[in-house]
Amino acid sequence: MANETVFKRLDCNPIVTAANVPRANSIHNSAVVRWNGAYAGVFRVDEIDMCYRLHTGFSRDGLDWEIDPEPLRMTSSDPAVYVSDHSYDPRLVLLEGTHYLTWCNSAPQGPQIGLARTDDFRTFVQMENPFQPPNRNAVLFPRTINGAYAMLHRPSDRGHTPFGDVFYSSSPDLIHWGKHRHVFGPYPGWQGTKVGPGPSPLETPEGWLLIYHGVWGSCNGFLYYAGGALLDLEEPWKVICRTRDYLLAPTMPYERVGDVPNVVFPSAMVHYPETGRVRVYYGCADTCVSAAEADLDELIAFIKQHRIQ
Amino acid sequence: MANETVFKRLDCNPIVTAANVPRANSIHNSAVVRWNGAYAGVFRVDEIDMCYRLHTGFSRDGLDWEIDPEPLRMTSSDPAVYVSDHSYDPRLVLLEGTHYLTWCNSAPQGPQIGLARTDDFRTFVQMENPFQPPNRNAVLFPRTINGAYAMLHRPSDRGHTPFGDVFYSSSPDLIHWGKHRHVFGPYPGWQGTKVGPGPSPLETPEGWLLIYHGVWGSCNGFLYYAGGALLDLEEPWKVICRTRDYLLAPTMPYERVGDVPNVVFPSAMVHYPETGRVRVYYGCADTCVSAAEADLDELIAFIKQHRIQ
Amino acid sequence: MANETVFKRLDCNPIVTAANVPRANSIHNSAVVRWNGAYAGVFRVDEIDMCYRLHTGFSRDGLDWEIDPEPLRMTSSDPAVYVSDHSYDPRLVLLEGTHYLTWCNSAPQGPQIGLARTDDFRTFVQMENPFQPPNRNAVLFPRTINGAYAMLHRPSDRGHTPFGDVFYSSSPDLIHWGKHRHVFGPYPGWQGTKVGPGPSPLETPEGWLLIYHGVWGSCNGFLYYAGGALLDLEEPWKVICRTRDYLLAPTMPYERVGDVPNVVFPSAMVHYPETGRVRVYYGCADTCVSAAEADLDELIAFIKQHRIQ
Amino acid sequence: MANETVFKRLDCNPIVTAANVPRANSIHNSAVVRWNGAYAGVFRVDEIDMCYRLHTGFSRDGLDWEIDPEPLRMTSSDPAVYVSDHSYDPRLVLLEGTHYLTWCNSAPQGPQIGLARTDDFRTFVQMENPFQPPNRNAVLFPRTINGAYAMLHRPSDRGHTPFGDVFYSSSPDLIHWGKHRHVFGPYPGWQGTKVGPGPSPLETPEGWLLIYHGVWGSCNGFLYYAGGALLDLEEPWKVICRTRDYLLAPTMPYERVGDVPNVVFPSAMVHYPETGRVRVYYGCADTCVSAAEADLDELIAFIKQHRIQ
Amino acid sequence: MANETVFKRLDCNPIVTAANVPRANSIHNSAVVRWNGAYAGVFRVDEIDMCYRLHTGFSRDGLDWEIDPEPLRMTSSDPAVYVSDHSYDPRLVLLEGTHYLTWCNSAPQGPQIGLARTDDFRTFVQMENPFQPPNRNAVLFPRTINGAYAMLHRPSDRGHTPFGDVFYSSSPDLIHWGKHRHVFGPYPGWQGTKVGPGPSPLETPEGWLLIYHGVWGSCNGFLYYAGGALLDLEEPWKVICRTRDYLLAPTMPYERVGDVPNVVFPSAMVHYPETGRVRVYYGCADTCVSAAEADLDELIAFIKQHRIQ
Amino acid sequence: MANETVFKRLDCNPIVTAANVPRANSIHNSAVVRWNGAYAGVFRVDEIDMCYRLHTGFSRDGLDWEIDPEPLRMTSSDPAVYVSDHSYDPRLVLLEGTHYLTWCNSAPQGPQIGLARTDDFRTFVQMENPFQPPNRNAVLFPRTINGAYAMLHRPSDRGHTPFGDVFYSSSPDLIHWGKHRHVFGPYPGWQGTKVGPGPSPLETPEGWLLIYHGVWGSCNGFLYYAGGALLDLEEPWKVICRTRDYLLAPTMPYERVGDVPNVVFPSAMVHYPETGRVRVYYGCADTCVSAAEADLDELIAFIKQHRIQ
């Protein structure tokens, strides 16, 4: 494919489809982590009533998945904090030995970020929603930075949001959030309408590696792409460099045709230190899940070389 | 297909395409009835000038169709009642021994419902338009109810109508209409933006069976689905139950790719009492016609089981 | 005033304001008839909770009004026919010895026309709603035409409706309506965006005299004007002539400044055969009620002379 | 005035106009508190370049004001926290002996809430912005609640925001904010499009008294009104009651005519325990400042009596 | 008035209203020049059919005007060049001994610039339209620049144009136009949505003095202001300086209330070398014409001092 | 394919894809001419940063192309005339022995027409931009008409332009343009929203043959089609006839699926006098380039026969 760059799509794509879960209309935009020598995931399953719910899944190799046919149920001591029937676009991160889940937890007042923790991928304890609505995408960093927890997120509106910027906020307790900093915004081209964080950032000697989504508005609606950035290790709201070229664009039939045509939406990244490679999981056309892989050093070199000047 | 439910698509889909009529751009959203031991139909043919006209068609088995290359011409004694060059989305029903055709008969003041009768599928007599514009979908019931003719319809606006509810109206004479009742409206999910009647309702011991279309607005426009409802036999504006899950969703390539991507639009239903089955004809991607079949008892059971609570 | 035409505003304008009713935010767009040697009316009262309700009023001279502080309550044998908390823009007409009230009776599915009859302006019996929603303005003719009841109305959408045409429909029984005819639509200038019927038409030897509203969309929203037309006596959907010049434009401070700036909205017309004059009542800036008078012969001559060619 | 309710406008309205400050285009939506036996304020001054800046002002009686011709300058140790050239709609509250200022501090990513403290109305120390953008209105409570600082605010979008709900958030340190709770949203009528907090709530035995703004969308844009609510003393996100009728509507010429017609925007409330009265300051038509007064007991009784059921 | 700057409004404002012409709805946005020791003008007259036509007018003192009740009729040898029934916003300039008229000459394809010449204000010879539609405002310079005719103009769209920039184009023959240069665009504040040329530029030792209009979009539509700029004498597409503060804002009742509220629209400037003063004529609220005067040196000093940095 | 008309698509379609150029996201909407016994072209290459740039290409047979991996660089003596990073939709024409290139040369003030000349397809000299922005499509005629250069073009707006008409303008010097004439506009059906010129017109005894694009707005955005017209040889703004039926519609998978679904966009036409045939190159789904061929006499006969009456 001429417009593959540093990432190579897996030959077995798509790896998860509606066929993996009874009653599924589509499965896409999902979270995956390495876990206990295998893989665990939280999947966005749109059912045939078009409610969006989160389901856990497990896999030996990250490609062949067993997804729980029942939606994930949170426990919470506070009834004011609830999980919505429109829960979508989960991300996972391992932080201080616990896995944290962020997702878009629709509220009557607009899309809102949900936050939960789990130690076993069976019991999820829902915590306070970090931000006011509307907000559509958020990921935690895998460690505290300067003693505070840190999150990247994208404030939103209540509709099909024609704007989007990446923000950074920090917290002493995972409950109260502040010191909001603008990280970066749209840039002309494939990321000209909105940008938002993808998977949780990966710490590298060159900075935090962030894979993000960019959106372009054609005369027929929105197209979604994947890009990459390096953020300062200690002040991650400072951008070291960021791609001017995309990393992935909707090109394959399973990315072009589906419930929402022309979408690649990166939502998880797994690092293999043993081989120096990374694998990115991404939603395709709001219909299925695929993956693509790159050598980490080549990826960082590509981002630095194809940066916005 | 994971998201097939109680309906099974025919293997020979699509059964009618632009190739069936010279000068056709596309043929979709069409009406079919059993007639004289075979089948008759009225087809929406979008020609290569993108005028939409109605054509009659005949078939031995309902799958292999001879469609008249010339548009259907109405007779009418009143010049104020005309058939537009933008006539589309026909429905047929047998009522008191005569076949009645309803369709969307575009007027300069907006889409409007047309009404005509035929005894032989050669001569069609156009009658008064039942409603003020704008209105986009209407079907007659196959018998009078409490001594009055009865119709389901969807009021509209002049553009791409971001709303839609099903209404019921009755008439003593098929000319004057009144006693307008709201039947049901959108419901969050695949039917969250608009709903409208599909084929003429089928009388069953459990109530009138209505197959209807539901519309969801993504960030890239509208997707069309099929759902089902049971309406009270004597007061059909009262909903007994209605699907929360869809019956059909755009999934197959011929439903996903075409002039308007991601559309299934049910427009005719044939009942086979001899086998207990029903066949639904539906437009695909505003481009071709397909069909799907179900066992009537299973269909009713599905609707009752997967109902909105 | 340079832009007065054949109508002269009363010196005592505005004649009804919010001060006439406790709890009123504004009183405008109201119906008036001569009754028992005096005057009766139905007034649109927007209360301080911004619900719109109808109130009866009585006056010796049509200028000094006693308005009932309690809203009008309808009687109806059918619970499916209800009067909404957003009832507005009433019109009255005497037909076969009974007074009929039409108004905009908002339903959850959009604005809808309500119809009621009264013999004493104390008891109002609500009848079937004549049309499906959305429809925003309707007036009955004061007699049957060719044996049928007749109504002018303006179909609408659910929002701030950027279009509007006058339609004619007829009925054998005031319940079922049909034979819908387009009467006229917008015309470039002050009536370039929408037109709708004002008071019930007045029969004259020259045709039915219709005072109507026209709407122009500036870069700051809509302006409302009054125009006039003569319709064929036996086929009122045929326009004999219609003003190219407006009859009234928002000019006075009470027409320019108020809850909706720059509105004159004609809603009632009283004919004085004894003097050959007519008085038109009109809403001002969605805030108060005023009146203007003309000699009927001069008015008809003006409409014929200043017609759209 | 028929549509005055429990509030009486001052005869000397408007009390502050553009004439109070050289280079002012308009002065409106401003904050006032009692201070040192007199009054201090922070005023929104739109200058003749249509930049919006905050200016301090002082007054002996709260009616006759000396406003500093120079904009207020903040001190801040962190360059990431800046005061914008589009700073507007300030509120003030005395909390633990210090005065805190909140206002809308426009950022390139949308309107954002600013927070500062002052002990002398000369030096203002700007603190962290409490929330991510976009957010348009915020007020602090005058004391901690359950040991945490508390704020009411209205999330927003980047344009002319067609929605608005009141939210409650709390903080251990005035830096980090969390436990976001929905308080109330729009309600049909004058508050049908958006609602947002006005002055800082006043503690009363009946609950926290909140004066808020409500917005209605006519066909010519937005109209702004004032309403009132009582919130639970210990769990202020629980609404005890809230007005169905408005407290103030744009009625006077200085409220109807100006840069944005038909606006009353309450932004400050002064309590006089010595007389049992309150005075509300409000912006008029985005052009000047007025005030209205009520007896506190009567005001609370009005809110309870005219509540949404 | 606090927000008067260097311009002083005339006490006799408004100087032309609808009362000056029979059948006028409003007279505004008009052109005036000194002529034969007195004044001549071309006025935009919106008639009571809301057609916009141009009328000539004459005055001894520029304040008391005789306006021809008949619209100006052009002569033209080419039927392809016509004057529309929606002709508006004229400007005049004396160039090489002839007066040239530019105006907005609506075509079915959008607003378009018209061009005509006159030697006596009785016969106007219409020339080729200089530009493709849509374009809404244009003025000629009073002399050739580097041997070419020169024009400032504002390209537009077909609706209420939410954008606007000033462009410069030149011509060898007043028929063919080229070398299009961008001069300046919107700037945050009162000129944040669009800017367009007002009267023909005045040559001064400091550069070409251009009075222009700026537009701000509030939540209730557009407000129009007047600003000033100095352009390079030989390369007028180069801006020497331009006001950050406005020169005139809608403040007076006749500027705030009318067919389009809150508009001042400068369209003519007369220089009095004998006193060193200039008088600007401007349309008010799309309803009437007013004037304001300044000392030329003070005006230039103001523009230089209050410039955008 | 039922909806092929007189044009036959090449079996080798698509003939140019992203694979032809490193870093290409897509290659479409491109210009081709016969040159030196072979073919030369200028291609629109959207790179993986989604900048649109022009690249030259050469081919022996017009099907197998060598495209320069480096973008075309213009020379120009005037810095005010620049080639944008968003240069797209080129057309080529041979005029007086030189090849002229027109294209859409985006400027900050909107899309704008660029003009350049080349004698060797290596050096391109950029000339003055012919028109003010916004304008999106333009082609030169291959000879002067009545002594003047002539161009067809489509004025536009800055967004996704919901309108479009073909205009004709002429020039004495290729710098200054005037005598703007409306040629034709949209017509209900596939060309109901906008029309614009495709390749440079071909002179035939029957008139100038123009292949143009037409656009239809469905509920899911825009679809692009190809039509044909014959224009008067000496007064080309006069339409002799024009297709009511389209010549090409998006039907093939490579026309239906891509960055912008459902697009055929004709941009070049090569005439083969030796065989009497023409080949049209067209962009497909904003993703690749295809070609279709017809017999010239049959094509002209088709246009005459399937004309708008």
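Note that the chains take the letters A, B, C, D, E and F in the order they are written out, and that residue 1 is the start of every chain.
Here is the rule we use: a residue touches a chain if its C-beta (ideal position, glycine included) is under 8 Å from a C-beta of that chain, and two chains touch if they have at least 3 such contacts.
Bear in mind the structure is a predicted one, so any value in this text is a computation, not a measurement.
Any chain touching chain D that also touches chain E appears here: C.
Note that among the pairs B-C, D-E or E-F, D-E reproduces the A-F interface, with over half of its contact pairs the same by residue number.
Residue numbering shows that chain B and chain C use the same positions for more than half of their mutual interface. Between A-D and A-B, more C-beta contact pairs are found at A-D. Centre-to-centre separation between chain B and chain F, using Cα means, comes to 41 Å. Centre-to-centre separation between chain B and chain D, using Cα means, comes to 54 Å. Counting only residues that touch two or more partner chains, chain F has 220-221, 257, 261-262.
Every pair of chains meeting the touch criterion is listed here: A-B, A-D, A-F, B-C, B-F, C-D, C-E, D-E, E-F. For chain B in complex with chain F, the residues that touch the partner chain are 17-26, 47-51, 86, 160, 220-222, 257-262, 286. Against chain A, the residues of chain D that register as touching in their complex are 80, 107-110, 128-135, 153, 155, 157-158, 163, 165, 167, 169-173, 175-182, 185. Of all residues in chain E, those touching chain D in their complex are 1-3, 5, 188-190, 192, 216, 218-221, 223, 244-246, 249-250, 253, 256-257, 261-262, 306.
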